[in-house]
Each structure stands twice: as C-alpha cells, then as structure tokens.
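Before I ask anything, let me first share the structure, which is written out below as structure tokens.
Letters A, B, C, D, E and F name the chains as they come in the text, with residue numbers starting at 1 for each one.
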C-alpha cells in the first residue's frame, strides 16, 4: 500500500476530491498547511512596517491507496489541480507497511 | 524505527494519548485535520442555500516508535479509540530511516 | 528522494527556514501541530477548575530533498533550531518513492 | 415623563437589549466551538419570542392591582398611547427587555445538550409561568408590598433565573464527559467582548430602573460602576492567592458577579456600600462556582454560581446597607442604618418565595417537556456538536 | 431643542455611527476569511469619506426649499452655529451618519471582487449623485410633499442602497465559482457581534429620527423592538418548516430584515402593527434571498434580498398601517385606518422614483468606472484574497 | 443639572467605560495570540482597581482650590449626596472612567513582557502619582488657570499616558526578537471591533465633557465625528501613496489618531477646523509610528506614536483654531481667530509640564519596581506566551 501526499492550492480542494474519488480513492485526510517554495510569498504592511510573508496557505491531502491504484490516482489528482501557474504544488508517494481500519480492526488493503 | 500515523475522532484524543503512553510511546505529535471517507459528511444551510460538507473534523496523531513497539502501540491505540461506528478512522505504519533529537543531537532509537 | 519531517518550537520557524534554504532546500511545507513529549505541558485554570494541557504548540516542517542533500539539511536544521532546552523536538527521515511537480508534471528529483 | 428622563429610559432600554447578544457572546466564548452557535441561538431566540409574548399578554399579566397576578386589561397593549409623552410606552419596552434577557440567563446552564425544539417551547412558557408571577409579586405584589426591596431585578431576575437553571440541569442531566473531560472556553476574546457589552449595558439595566434621569439614577450608576470593579478585583485576588494566577475569565466573572449583586441594591445603597457588596460577591461567587463539582450538577457555564448566588448576596446585603436617608426615600433602612433586622427578614422571605416557585415550576416544565417531546439531543449529536445537528451550521470556516 | 431631546439626538447619532462597524462585522463574518479585511475596509471607508463630503457640500445640497435639490448655502457648514442650543449641529451630525452608512450597505453585494480604488471613487460620487437627491426628494422634496411617508429611511436608504446594489453587481459580474462553490460564513460569531450592534444602533436610527425625546420617539423605539423580534422569529420558523433547521444566520438575517422593514414605518404605526410588519418582512425576505440563484445575479451577502425587499415591504405596509390618530399627526392614514388607497399609491410612487433613479445612476457610475480605471480585481487576486492583494494584510495570524 | 444633561452625562460615562474593553480588544487584536489575554487583563485590571482608588482618594486629591493638588475632604465620597439631582455623583463617575482608561492606554506599549504583578502595583500608583496631579494642574490648577485649554483630556490623558508609555518601555526594554521578527496582528477583526467601540465611546468621552446637553456638547460631538473621519482618510491616503496599499489597520489607527487629536480641542473649535486637525493628525501620526524603529524603543502597539503625538498635535492646534466667539466662551482665541500666539504658548507650556512630570515619575516608578519585585517576565515565559505563564489560560481552544 502507498501513501500519496499532495500539497495543493486551497481553492482546488473540491476539484481534487472529485478527481481522486473518480479515480477510485476511498478516503482522504486533509490539513491546512503553509508552503514555501518557488512561488514566493507576499509582503504585508502594518503601520508602515513591511513584513515578508514567505509561507502561503496551501492544503495538504493524504490518501492511502492500493499499490496498483497509485498511478491512476496521482495522475488524476495532478491533472485536476494543475493551473499551470507557479505554486501548484507537489505530490509525493511513500510506502506504507501496514494499514488498520480502527472500527473493524481490518488490516492491509481491506482497511483502505 | 517506524512512524505510526492515526486519524481518529477528535473526542478520542485523550483516550488515545493515555493508551499509547501506557503502551510505551514517549511522544506524540497531533494535528487538526478534516477527513473524507465512508462516514459521509453533513449538510449546512446558510440563508436557504444548502452546502454539502464532505470533510469532517478529525485529529491526526503521529508517533515515532521502536520497531518492536509498533504492534503493541497500534493495538493499544486501535482498541482505545474504537467506537465501532463508521468514521473511527485509520492507523498506518511507515518506515523511518533516521530520527534525530534536536536538543541533544542523538540519533536512532535513542532519539525517540 | 527523502522526506525530512521536523517538529520544532514555533518561534524557531524563521531560523529553520533560513537554515534549510542555505543548505539547499527548495521548498518547505509547514503545519501547526501540538506535541506531547518529555517537555510536559502546563496547567490552565478556568473558574478555579484546573485543566492539564499536555499538548503544546509546535510547528511541523516537511521537506522533500535529494538523497545526497539529506544529511546537510538535517544537520543545518538541527543546529538552527536547537536551544538545548527540553522540547526542542525531533527530525525524522523517510524514503519517498516518487515526487511529482503538479504544474509541469515533472517527476523525480527534478520535481523537487 | 420629561424629555430628559425619556431619553434616559429609551437609551437604557436599548442598553438592556444590547446585553442579550452580549450575554450570548459571553456564554458563547466560554462554550466549545462546536456548540457555540446553539448557545448564540438560545440567547437570540429569547430576544425574538419574549418581546411578542410580553406585549401580547405578559406585561398585562404583570400589571394591575391584584397581589398575585395581573389581568388582561392591557393585552395587545390595548389603550396604551403616547399622550403622556411616551413614558409608558418606553417603560413597557424597557421592561420587555428585562423579560427577554431573564430566560436567556438560563441557557448557560443547559448548554451543549438541550434540544432546541424543547428550548423553543420552554422559553415562552417559562416567561409566563415563572417570570411574570415572580415579577408581579416583587413589583406591585405581595412581596414588594411587605417591604422587600429589589431595585433592578436581583430576586425577580437573577435569583429567579439562577435557581431555574439549577432545576433545569437536574432534569436535563450532565454533558457527556463532564466533569472528567476538560471543557475550556473556545474563545476568551469573545468572552471579553461579551463582558464589555454586559458591563456597558448594565448601566442601563440598573440606572435605567430609576425610570427617570434623577439622583437615584446617578447613584445607581455609580453603584454599578463600583460594585463591578470591586467584585472583579476580589475574584482575581482570591484566584491569585488560591490558585496562583489571576485569570482573565476570573476578572470577567467577577465583574458579572458584582453587576448581578448590585442589581437589587443599586437604588438603595450609597457611599462605599457598593464596594463592600462587590467585594463580598466577588469572593463568594469565586467559591460558589466550584460547588457544582462537589454536588455533581452540571451547570455548564455557572449560572447558579454567578446569578443565583450573586443575586442572593446582593439581595441579602440590602438588609444591611439600605440607606433611605441618602435617597430621601420611603423604604426600610438596613441594619447598618439602624433599621433593625426587619428588612433582612423581608429580603430572605422574598427570595425564598421566588426560589420555591421558580424551582418547582421550572422543574415541572422541564419534566413535562422531557416526557413529551424530549429535552435532550442524542449522544451522537452531542459529540458531533449542536451547531451542525440542531442548526445545520458551523461557527468557523 | 431642549436638553432631553438633544441628549437623545446625540446618543442616537452615536448609535448610528456604531452601526457602521456593526455592519462591517455583520458582513465581514459572512465573508470568507481571505476577503474579510477588504469588506471591513469598504465599510470603514464610508465612515471616513462621507462625513467630509456631507459637511462640505452634501448636507447643503440635501436642504433648502427647492423640490429637487438644495443649493450651496450651507456648504462648509457656513453660518451654522449653536445659538439654538446645538439642535441643528446635532441634527446635521445625525444625518451625516445616515449618509455614511447608506453606501456601506452596498458593499455586501459587491464583496470579494471589486477594486478598492474603484470603491474609493464610487462612494463619494454615489453619495452626491444618488443618495443626496433621493434623500432630498423624500425629505422636503417632491416625493415627501406629495404625502409619501418614510420615517427613518426605508425608501431613501434601504430601497435606494438595495437597488443600487443590484445595478452594481450586474455591472460587476459574479464571483469566480459562484454559485457552484460553497461560500459559507467564515465566522458566525462575528456575524452575531454585528447583528447585536446593528439592533442596538437601530434604536438610534429609528427612534432618533423623531429628532426629539417624545412620544413618537418612544413608539418608534417600541416598533423597532417588536418588528425585529417578529421578523427574526418568522425567518427561523420558515427555515424550520422548509429546510428542517432554524439557523443562527437566519435569526440574524430576520432581525435585520425586520429592522429594515420597520425603518420607514417606525414613527407612523402602533399597537400590533410592527409585529405584522416584522412577520411579513421575515417571511418575504427569507424567500427573497433565494431569488439571486434563480435570476443569476451574484449579490454576495444579500443586500437586495434583505435591504431592497425589506425596505419595500416596510414602505408599502405603511399604506396599510399608518395611524395618524395615534400620533396626533398630520399624515395620511393607511387602508386599515380608513385612509383609503391613496397613501399606498404614494408609497409605491416614491419607491418607484427612488428605484429608477438609483438603478440608472448607479449603473452608469459603475459602467463609467469600468471603462476608465476598471472595477474588478484580477482573477488571481480574487483567488488569493483581496486582503493581501488590495490591502497587504491578513485577517488572522 | 437638568434631567436632559444628567441623561447625557450618564450615558457618556457608560460610553467611556465601554471604551476600556474597546481599547483592550483594539490592542488585543494587534497582539500575538499567545499574549492576547495578558493584554486584555492589563486593560480590564485598570477598570477594576482605578475606580476604587478614584472614589477612595483620587477624586478628592484631584479637587479643591489648591493650585497643585487637592486634599482629603471628599475621600470616600464623604458628604457627596444627590440633593443636587445627581449631577455631582454623575460627574464623579464620569471622571472615574477617565481615570480608569488613562493607565490602560499605557498597556499597549509594555505589551508581551511585563510581569502582571508589577502592572498590578504600577497602575494604582501611577494613577495617584501621575494622573491625579496632572489632571489637577490642567483642570483647576496652575496650568488651567494660566489659560491653557484641554477640553476632554489631550494633555491630561493622551500626552500624559503617551509619554509615560515611553518612559515605561525605556525601563522595561524590548521584546525578544524585536524589531527583527515579524509581529503582525493576530486578529484584525478584533482590532476593528475595538476601533468601532472606541469611536462610539469617544462621543461620550468628548461630547460628554461638556457636562451638559448643550450647544458645546453638540459641537464637540460634530468635531469628534469629523476629526476621526478626516484622520482615518489622511492615514490611508498616506499609506496608499507611500506604501502602495491603504490598510485596514491604517484606517483604524487613523481614526484613533483623529479621536486623540480632537480630544483637547473638541469644545473649542468649530466649522472645518476638526477636519484640518484630523488631517494633520492622520498624516503626522502615520509617520510618527515609524520613529520607534529609528530610535530603537519598543513601543509595541504605538502608544507614543498615536497617543503622545496625536495628543500633542491636537493640543497645539488649539493654539491656532480655538474660536471663543462660536461658543460665546470665555477662553483665549487661537491664532486664526486673532488671538495671537499667547494660547499656543500656554498649550506648549502645559504639555511640557505634563511631559516632564509624567516622564520622570513614571520612569522612577518603573525603576523602583524593577529594583524590587522585578518588572519583566522570564525569556521563557515571553516565548511561551504570557497568557499561560501569567494567567494559566489560553485565548483559543
């Protein structure tokens, strides 16, 4: 099993959800994050003092998927959230040793 | 070393903490997340317009543990937070290459 | 490719960012988390009722880096955020199978 | 009513109305974030339904020469005009605000677990069956006639709502997880916004109760100022000595406790008396809010500890501090002004009567609702939050 | 003006000023968190620029004996002193608050996509070209002279700003993603803070419009109290029956709808009339806020559904409920008081005139701005949030 | 005092009290979230302790015929009754609010690092040693007698507290990380809630200082309205031109700067003068808040830049704009009204005297506290947040 993590632009969350569900994902865990990267941040000014804000709001998605589903889900996700503009974000995939569904105690792919 | 990640119902956080500490875990990192899965969401209504909210509040736990502690901790955690109702959440385990305790610079299992 | 995750004290975020950028990191994803560990928490009192708060505010950094950059970044990060006081936090490293830059579709090290 | 007094009564009435969202925010900030809208709604609802009930029949039943209850002569505000320059209409509006905020006080006790449908029925019934009679007894009924004093509603409002809160939670039961689970305020700044509005509005509540811009109003104003300050100070000093830290919630709670305590006394005491009343209320209420843990009733936001106990403290201290000479007033003097124990006895009796009636009728009302439509949400709804389950909303997005 | 009336007008004026941040918070809470400061700024800005415009030339143009527009006699407050005891100065300040809050109402419609530079120009121009003439026609111009009634600004303020909001959004276009994307309020507690301030302040708005502490002020006060309560109640009952849940935003919206509706009527109706006006406004506006989805115009925070429709409801119901006998007033009676259909006709005409003028001039103004400096931020700015792009700030850190 | 004036003074006093939580929220919103409760507490605490100090001895020391300091004749409000209809009691309460809010202003400067225990001692001592004497000199003492003008506390309150803030932070030292680290406001909506309350309350502060509902009150009201608007406008225009964006915090800061500046002038200027005063204050303060970066003193929330500088601007502009003819008043005319340079000289002297006394005594007081109980929390507490370490609370859960 694999864990797909994606950091995307916040307003793309709905599109992302629809795309991964269509691609067969059964669940998603989402967190509010802030990202620093090529996109650069912005400047805020309070009483004339400028503050550089390097971290901009992003949303992080975590999806546990079957090994064979990884490519489909990653592609579906990537194309759903891409705007072609800098700051679209990253997707990365890591290996998962074990998954447990708490409610039932099921383990492995059945637990997804 | 392994990283145990669990997504659970928010009101189970205290129970989870007690269970994993009893099972020998030395630390936990917690984040507020929102989850989408079989549980389904709810509908909100603002001035007569219905919005479907698919993501419901969950809490994510991350625990770094020794290889041998994984099973004990996962089982303890799973049984502590299970309510038997849909939406109880998932636990997953991934492998960790290296751990560093920042304060001391210790590495490996000592750093947990 | 590797994913470096670090849980640090919130007020060390700026130092951390500067250190890892200097060490060659191209991006960071940050989340607000709460941590439980040796540091212990604090007690809050509301209308005479004491509540034990075990989880204290921390910041979590995630950095995708090239295999060869791991050690430099980890060391730079560790020394930048260390105060020598309990609660400085952890850094851990996991292996990443694949990385995709959403904007371009690039994969692998080029996507970092 | 001359134009200056009318201006004062009108602005005072607006101030009391403002206290309702103030109270909602005070309570809402102390609540947890998944229940806060339900708390706000319980309060707002009182401001929606009670005014209608008040002008349709409540005011009429609270008036009249009978000792126990009024009649229907003024139902639908019949025959009430503005030939008098507006004084009567202004007074009825002012009193309508009082009627609206009183049941709102109770919401803090039943927080986080009561069905909104049950609350929706409870509020107008409670207004008519509990608030109106007690109000009538105290102002122009048998209790007032005997000589008991209640300037702006210590007995009629705070003791009344406070004991009703106790009856209500005894029927309703505890929140899941209480007292084991920590349930800290989700937004202290909201609590302070509420506290600020309450203190501000309370000047209208108390000094407006003179129903004129006169010396009594001015003194009631000064008393309101000083008692709140003294009680807030007392509360944080107790905390500092006892728990090690003075807290913001303590300061806010002390201010409210002082305001509650000075309410019945505001137009009858003078000089340093409000400071003593405030100090006593601050200390006593700071301890009283812990009784619920001992006795095991889940008064979520301390309506009993602050309003019942604070109201009682204020009402009884009148028995000591009432000073008719200062006001050139026709009321009984307190013990410290050579009035003897009589007034204190009347104060005790008045509160006792209010307590018994309010506790019994509220209990019966809650039991009736429990047997019929039910008063408590499901455990699942309580866990998920009443905002979503009762109102299909979430406070923060 | 005697001292009691002056006190009342001054505090009323302060209350109306307070409504501007109240409105800002009401709107800002409903907004999404990345645009909230822009919303607050659009409102605050009205309170910064309009007062200056008002005393420099606005008041003067809104006064005078001409039927259509005033002159420059009082520009820069020339010759206006305090020999009258301050009444005139107080009245000009009071009216200046009205002038300031009226364009602020429009901000809720154009939320989240309008360039602040365009808004900065729009507001003073709209005040002079739309608000001042309509105000003049209604108060001391051809519409008022014909006998139409508008106590505190139903036509001159709410219908006027409401229809201007419609014109503005038709030119401006929809927010990206509307109506597909959910755009729930980011902070309901802020909405309730705003609602509380609005209700509180509206007592000054309506009852202060008597420009004296007298019987009419008292009755206007009572009407403001009752109509808001009734409308809030009606709105949540409709929601409960129709959608399954009474909502906090519904209660707040109903209160505001009732306040809007009673505004033109406050000094002309009595008895249970405000309750009926409130009930009608609550039901009608609760349905009216959904029209935008049918017709496809993006009135972000329902300025049309609440202010235009609510104002119209209130203004037309005067045709039924106006009761000169009660006030010993010189105005036409409504249908229910044997006044016949004449008043209703005048009310319809007055609103029609205001609607046509406001819609056309606002539309032309927005089109002019669109052709010149542009009125809309870039799509990127809209996605990133106007707080950062227009104001270099973020609401929460 | 007639009933209309009494109504006006009472509501004005309530408005000034309301400014204390308003100020707390204004400051608290600008603060970082881990220190916000400490900020709220520092402000609330002033409202708890100063009223007591004021009636026990403060008012008495601030009264009397001596040129420098009063006596103990009115300690414990001895012999102060309501035979006069309440005017005296109302005035003492009104002035008590002023006494309470003045030290609260200082809290914004010492934010995020001062021990609460030190603050708890500092406030009552500062009230007695700094506020009371300066107040006495200005109102019924040597400075006022010489002819300097200060309608509602420009010198006695804003300049006084502003320079004390400077002395305090010089002793206290900088916050860790300042100015390197960004310390943006944690909640701008809180700042705007505070700003709204402050503007609203300031009408009582300034127009209430006429101590009557009369023409001077009305003009002070109008001036308060216009100066705040003009200063807010000026501030955002400067920002727009200089920094590229008009900001919400800029609008709020400008409003407050305008209110501060018009405070001493409110009852002495007329016509377009408040607009000029506001414009000057807006521009000057917008630049003044940056001085701290140049000079390196950590005045966290710009008490010096807004209150000291704004107060000074307002106080000195009186020397130009004072218009006794308009008010039929007995005071000196300003330069623009052919009064010559005399008044300006008196204004300068009065402020100089206040500045020297306040700076020196505040500095000595802070040094004394530093040497004894200590004034600064540990670095660790500063990092963790004063809410938890000083008050065992957290603002948001």
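Keep this in mind: contacts are C-beta pairs under 8 Å (C-beta built on N, C-alpha and C of every residue); 3 or more make two chains touch, one makes a residue touch a chain.
No experiment lies behind these values; they were computed from the predicted model shown.
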Query - Given chain B and chain E, the chains that contact each of them - result: A, D
Query - Topological distance between chain A and chain D, in contact steps - result: 2
Report summary line: Copy-to-copy rotation (chain E on chain F, CA atoms, range 0 to 180, rounded to a multiple of 5 degrees) logged as 120
Query raised in the report: Is the number of contacting C-beta pairs greater for C-D or for B-D?
Result: C-D
Query raised in the report: Between chain B and chain C, what is the separation of their C-alpha centroids in Å?
Result: 17
Query - Distance from the mean Cα position of chain E to that of chain D, given in whole angstrom - result: 33
Report summary line: In chain A, the residues touching two or more other chains are 31-32, 44-46, 53, 85, 94-95
Query raised in the report: So which bits of chain E are touching at least two other chains?
Result: 2-5, 7-8, 11, 15, 184-185, 187, 193, 197, 213, 243-245, 247, 249, 392-394
Query - Interchain contacts, given as pairs of chains that touch - result: A-B, A-C, A-E, A-F, B-C, B-D, B-E, C-D, C-F, D-E, D-F, E-F
Report summary line: In their shared complex, chain F is touched by residues of chain E numbered 2-8, 10-11, 13-15, 17-18, 20-22, 24-25, 28-29, 36-37, 40-41, 44-45, 47-52, 55, 76-77, 81-87, 89-90, 92-93, 96-97, 116, 120, 187, 190, 193, 197, 213, 387, 390-397
Requested in this report: Show which residues of chain F lie in contact with chain C when the two form their complex.
Outcome: 34, 177, 181, 380, 383-384, 388, 392-394
Report task. Within their complex, state which residues of chain C touch chain D. Result -> 44-53
Report summary line: Residue positions on chain C within touch of chain A in the complex are 1, 3, 17, 26-32, 64, 94-103, 105, 111
Query - Parts of chain B lying in touch with chain D, wherever the complex brings them together - result: 9, 11, 14, 42-46, 53, 57
